[in-house]
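Below, subunit A partners subunit B and then partners subunit C, in two separate complexes.
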Partner chain A sequence: MSAYLANAIEQGQLVNDWLTPKRLGSMALLQQTSWPTRKTESWKYTSVRSLEKKTFERGTTNDEHAFSSIAGLDAIELVFVNGVLQQLPEGLPAGLSIASLENVPESTQVWAREQFNVAKPSQHLFGLVNDVLADNGVIVDVAEGVTIDTPIHLVNLVSENNETQQRVIVRVGQNAKVTMIEHNTGSVESLVNHVAEYFVEESAELELYRFSFRTEKALTVSGAHVQLAKKAKLNATIVGFGSELSRMDLDVLHRGENAFAKINAIYLLAKGEHFDLHSTIEHEIGHCVTDETVRGIVGEKATAVFNGRIHIHRDAQKTLAELNNKNLLLTDDAKINTKPELEIYADDVRCAHGATVAELDKSALYYMTSRGVSRDTALVMLNFGFINALVDEMPNAVLAEWLRPILKERFVKMNAEL
Partner chain B sequence: MSDQIEDAINREYEAGFVSNIESETFAPGLDEDVVRRISAIKGEPEWMLQWRLKAFRVWQKMEEPDWAHLNYPKIDYQSISYYSAPKSMADKPKSLDEVDPELLATYEKLGIPLHEQEMLAGVAVDAVFDSVSVVTTFREKLEEAGVIFCPISEAVHKYPDLVKQYLGKVVPQHDNYFAALNCAVFTDGSFVYIPKGTRCPMELSTYFRINEQNTGQFERTLIVADEGSHVSYLEGCTAPQRDENQLHAAVVELVALDDAEIKYSTVQNWYPGDENGKGGIYNFVTKRGICHTNAKISWTQVETGSAITWKYPSCILKGDNSVGEFYSVALTRGAQQADTGTKMIHLGKNTKSTIISKGISAGRSNNSYRGLVQMHSTAGKARNFTQCDSLLIGDKCGAHTFPYVESSNASAIVEHEATTSKVSDDQMFLCQQRGLDPEKAVSMIVNGFCKEVFKELPMEFAVEAGKLLEISLEGSVG
Partner chain C sequence: MLEIKNLQASVEDKEILKGLNLEIKPGEVHAIMGPNGAGKSTLGYVLSGREGYEVTDGSATLGNDDLLDMEAEERARAGLFLAFQYPVEIPGVSNLEFMKAAVDAHMEARGEELMSSAEFLKAAKLACKQVNLPLEFLKRGVNEGFSGGEKKRNEIMQMLLLKPSLCILDESDSGLDIDALKVVAEGVNSQRDPKRSFIVVTHYQRLLDYIKPDYVHVLSDGKIVKSGDASLAKELEAEGYAWLEGYDVEEADA
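And now, the complex of A and B:
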């Protein structure tokens, strides 16, 4: 067993709080789980060796971190430094309640405990680690019929040699509407294990943004698990940069008829980075729609992994599901491993997936440079063109405006290394 | 209408009968001694025995793979008999007249063109009845062209240098569990060598039959196409009905040297088991070809039989400008399970591969496409196109797609697309409105769905494949 896992189990046995009844089951599973190797199908292309022998500090230091909120965006800020929530926001809009995981009112505890580990599949190793160790995070509850216009912006900042085990549980009540932004950033040697479970109830809407901007030595394993009830809607945008180890598991469960999920994901990897996105869409019931578009640009010596699974259960007749994955490799030593999977047990469905891997269109580059655009600018423009459609589709325009310069800077960095 | 369907569903497997031919059969069980005995019966030289033993020792240390999307009871390798030969082989028939008439009658029932039909069809048949090649015809005509087409057991004696040079070079002994088992206990199969610059004067064909009860069949086929040569090889199978599952673990190795071309076509119609999947053939096959510079290997398969199919005909595109193709129709019905696909390993520059896979699932069956497209960093400007479509007939079956795409070369282009749909009500309505009964309509739609693959098959085979599909689909419409 790896030192990391042994340590996690040891620490998990010391945890005793209001979630303990649910943690016990995960602990039993975790004790039987072995450390993933290249032979473990879900970790075939992602090595966790950089984490194997590591142990980090947890929640002990409260260092200063420079962080500026998103310009022009009026948001409810939840800033975590090394897993410590800096300030619980006050004066929340009516119908919205947010509780810090360490201090959950008893009435909330009842439902939150019930929902804990329901949307998240049990086989994720780091999900299990999070189950037993999570000691910070928030429980968000949006009351029935309420539309929260102000997005909730959750940020994780982690100091060197620190680790955070964060759990977020969000319930969007019937006919309610909310926007969540999950934002992980940093580059120092540290670990973020960030698991969020979303329960979108009947006719409710969730707008979800997940920005995984942790690079270099910042190790990240994270999960976003969304359960959709009847007529519920999910509109998710994921943007990922890579680091030594960066893995995200996205699970969407269609539990009620006429649920709708739109997922756009982008990954942009600079020199030597690694990013792994595993998405699983479970259609358990009929008449639901999934539309997933994933685009990635992979720079020098970087490796991108995408595994997109769509599982149509026996009763999920009249499902419409589409998955599209396009990749650009910038150099010959860039790598992409993509696997779009379909597993279908119902016959009256329309499902399709596609995957492509190629390089930047040389003739387009030539066209631009021959018209006086410098090569660097042309590269940035072409790269941007590849993913811009997904940025345009972000429902929140302010967020899209904030994101564009960040992406541009990213492209400059990726191209400078060429 | 429903009576008709019921009828068709309950129809017995048409090629299901057991011929009564006395057989010399080993008692069930597998150990080194069995390997030695097989080798001794074949009168093999020492190097061949050592080769088998090495494989057997490797196999003992391996574990049966469980990653495929298949569900079957654990195979007891000790309960299988590893050798069975038609007894009349002992006094070797010199010509067709000397062949056991019952054996010939078996082929007759299956419509195999072994006598004059075969002359008309221009097909040379190396018939594998259980484990020993019984009859090989057209040998002389092939010899004229310098083509070697003989049982591999014969090739071991007659052409040891060629066999030594190529056997196990594409699928080595340690390749996988089933291939290792095959290496240890293979009883026979075909060996083909096409000399430099030769175009094989006829299509080569082997009909396989599994006949002896409780006998695993382990063929080994090796085809070597020397520089600038061309060969088209057909493989077709059908097996009699029986109750116990039969293990089949074949290995096929293709070597296409510079500028050579090999076309390998398979129609597989082994007994799929009864409606609960009981008694069908377990088919675990390793097929792989290597392409040298400018060479081309094309796999075409129509898979309609077997309870379990585990089969991934692959191409290693080693030489620059080499081409790999895979065309497949896999039909599963009843309780059949198929996990099949291909691997295209691009190593050389400007290599190209095309994958067209059509999966049809009916009844309570499960049909999976599993493919790998790998672009190595040396595969500059390589190109792959993959299309896998699934058709579902009925709401109790499953269709799955597991494509692995691994690219480490920026100038390589990989395209993969997959769709899943059912025979639409509109299509059915249109056909029925024009006077076709539902069964005909489905058969026509399915035939259209598979057209891209059928057109790759040699003509006679394409007709057979179409017919096979039609028979297999009977009773699937509801």
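And now, the complex of A and C:
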């Protein structure tokens, strides 16, 4: 057992709150879990060594952090500094309620406790750590039939040597619609463990953005776990940069017929960065659709890990599932470990699954140079276009216009340093 | 302006252009017609510098520039423009961003001060209007999901922005209905200028009703086998290309 894990267990035993009944089960599991090594299948390509012996402070400092909201985006801001919610937004639209995890009304506690760990599978090590330690976060509830036009923008800012264990639970009621943006930034030595569970009820829609922009020594482990009921819709965009340790577990559970999940994920890894996305799509029931596109650009000495699992259960007939992972390696020493995992137990399904290293589109390059654009400029534009095509697909145009230059600047810098 | 002498080129070791001669003076419009597979598109690719098209003999000069010695981007900056028969789709690269980079490259090569984004946007909008392309097409990926006709008009839009001195239009009329054809022809005609020349590659005489050529050439099996004035196009329309079978090429050259 690592010092980090021993400490987490010790700390977890001191926690006593409204979630304790649920935390106990996870504590029991955690105590039996061993610290991942290279032999641990789900951690084969991602080392947790940088965390092994670390201890951070939690929620103690409330430093100043420069944070600017997204230009042009009218959003409900939830800014956390070292796990402390700076301000609970007031004057929320009708049908939307947001409670801070430390201060949850009784009625909310009842359903939120019931949903806790329902969308998140128990096999994620840091998910279990989060189960026993989470001391900040929000419970978001969107009432039946309500469309919330203003996106909810959650941001984590963390000071040096700090750790945050954050839990988010979102319930989108029947026929309701909401947009969530979860945004982690920073580069100082710190840890963010950010776990969110989303329950999208019948005919409801969730538009989800996950920006994992923590770099350098900013260690990040996070989970996004989505349960889709009948006719529920998910449209998710994930964007990841890498750091010494950056891992995201995505689970989507189709639990009602005719549920639909569109997932686009991008990673853009600068020199030496590491990013790991583990995605699991469970088709537990028939007539559901998954359309997952994962595209990454991996820079010099950087490593991307993508594990894409699609599990089509025996009763999930008429499933339509497509998963595609394409990677662009900028240098010879850039690395991608991509592993498609298809498990199909139903016979009447359509399923496509592919992982490739992207090849340069020579006819596009010729077309561009035939207009006078230099080969180098054309290459940068084409390569950026490879991920930008997914930015183009983001349903929120304001957010896309904000994100595009951030990615572009990062990419141009990566190229300049080659 | 353009002088092509005994141009021979092959693709994947297959000889396609077999000694092609053509001279175009400033301000002239030359139509090139000919059966499928004659090498019309190949001529455009060879002149514009597409990779994989190997010149085995002959020369091509544009003004004082030896085209065959230049990179594709240099040829474009020297004033050559090819409107593609099959324009390429480039998802993720917006039309606007692409054209800004292209125009920037041209201006930079000429040592001019670059246009601001706002100035450029204005010019691009104007060019779109001229070819009846909705302005939102500037934001979309280059040719991404455009219909056949929209792609052809987008090529002309690019030509309007780049103001080349030699324009090669490779079947810019194919797949167009009569209204779209007129739009393309008007775009071209608006650019006719004593200093600007055109090669109009087409299968059909129809386009030449709208873009009046000074000369018409028949390209067959990698060579120009017959040249004449606009009336040749009418003849071809009436007779088709069957007469080319067994045509004595040497005689035509004479």
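In this text, the second predicted complex is superposed on the first by the 395 of 418 C-alpha atoms of A that agree within 3 Å, B and C clash if a C-alpha of one lies under 4 Å from a C-alpha of the other, contacts with A are read in each partner's own complex, and residues count from 1 in each chain.
The definition used in the following text is that a residue touches a chain if its C-beta (ideal position, glycine included) is under 8 Å from a C-beta of that chain, and two chains touch if they have at least 3 such contacts.
Given the structure is predicted, the values throughout are model-derived calculations rather than measurements.
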In the superposed arrangement, does A:Asn103 touch subunit B (first), subunit C (second), both or neither? neither
Using the superposition on chain A described above, determine whether A:Gln32 touches subunit B (first), subunit C (second), both, or neither. neither
Subunit B versus subunit C as contact partner of A:Ile387, first or second or both or neither: second
Given the touch rule stated above, what does A:Ala346 touch, subunit B (first), subunit C (second), both, or neither? first
Pick one for A:Val357: touches subunit B only (first), subunit C only (second), both, or neither. first
Identify the partner contact of A:Ser68: answer first if only subunit B is touched, second if only subunit C is, both if each is, neither if none is. neither
Under the stated touch criterion, which partner chain does A:Tyr366 make contact with: subunit B (first), subunit C (second), both, or neither? second
Figure out whether A:Thr377 sits in contact with subunit B (first) or subunit C (second), or with both, or with neither. second
Subunit A: partner with more touched residues, subunit B or subunit C: B
Residues of subunit C touching subunit A in their complex? 48-51, 71-73, 75-77, 81-82, 84, 87-93, 97-99, 101-102, 105-106, 109, 141-142, 158, 162
Can you tell me which positions in subunit A touch subunit B when the two form their complex? 41, 314, 317, 327, 329-359
Residue numbers of subunit B touching subunit A in their complex, please. 67, 69, 375, 377, 380, 390, 392-422
Please name which positions on subunit A make contact with subunit C in the complex. 361-364, 366-375, 377-378, 381-382, 384-392
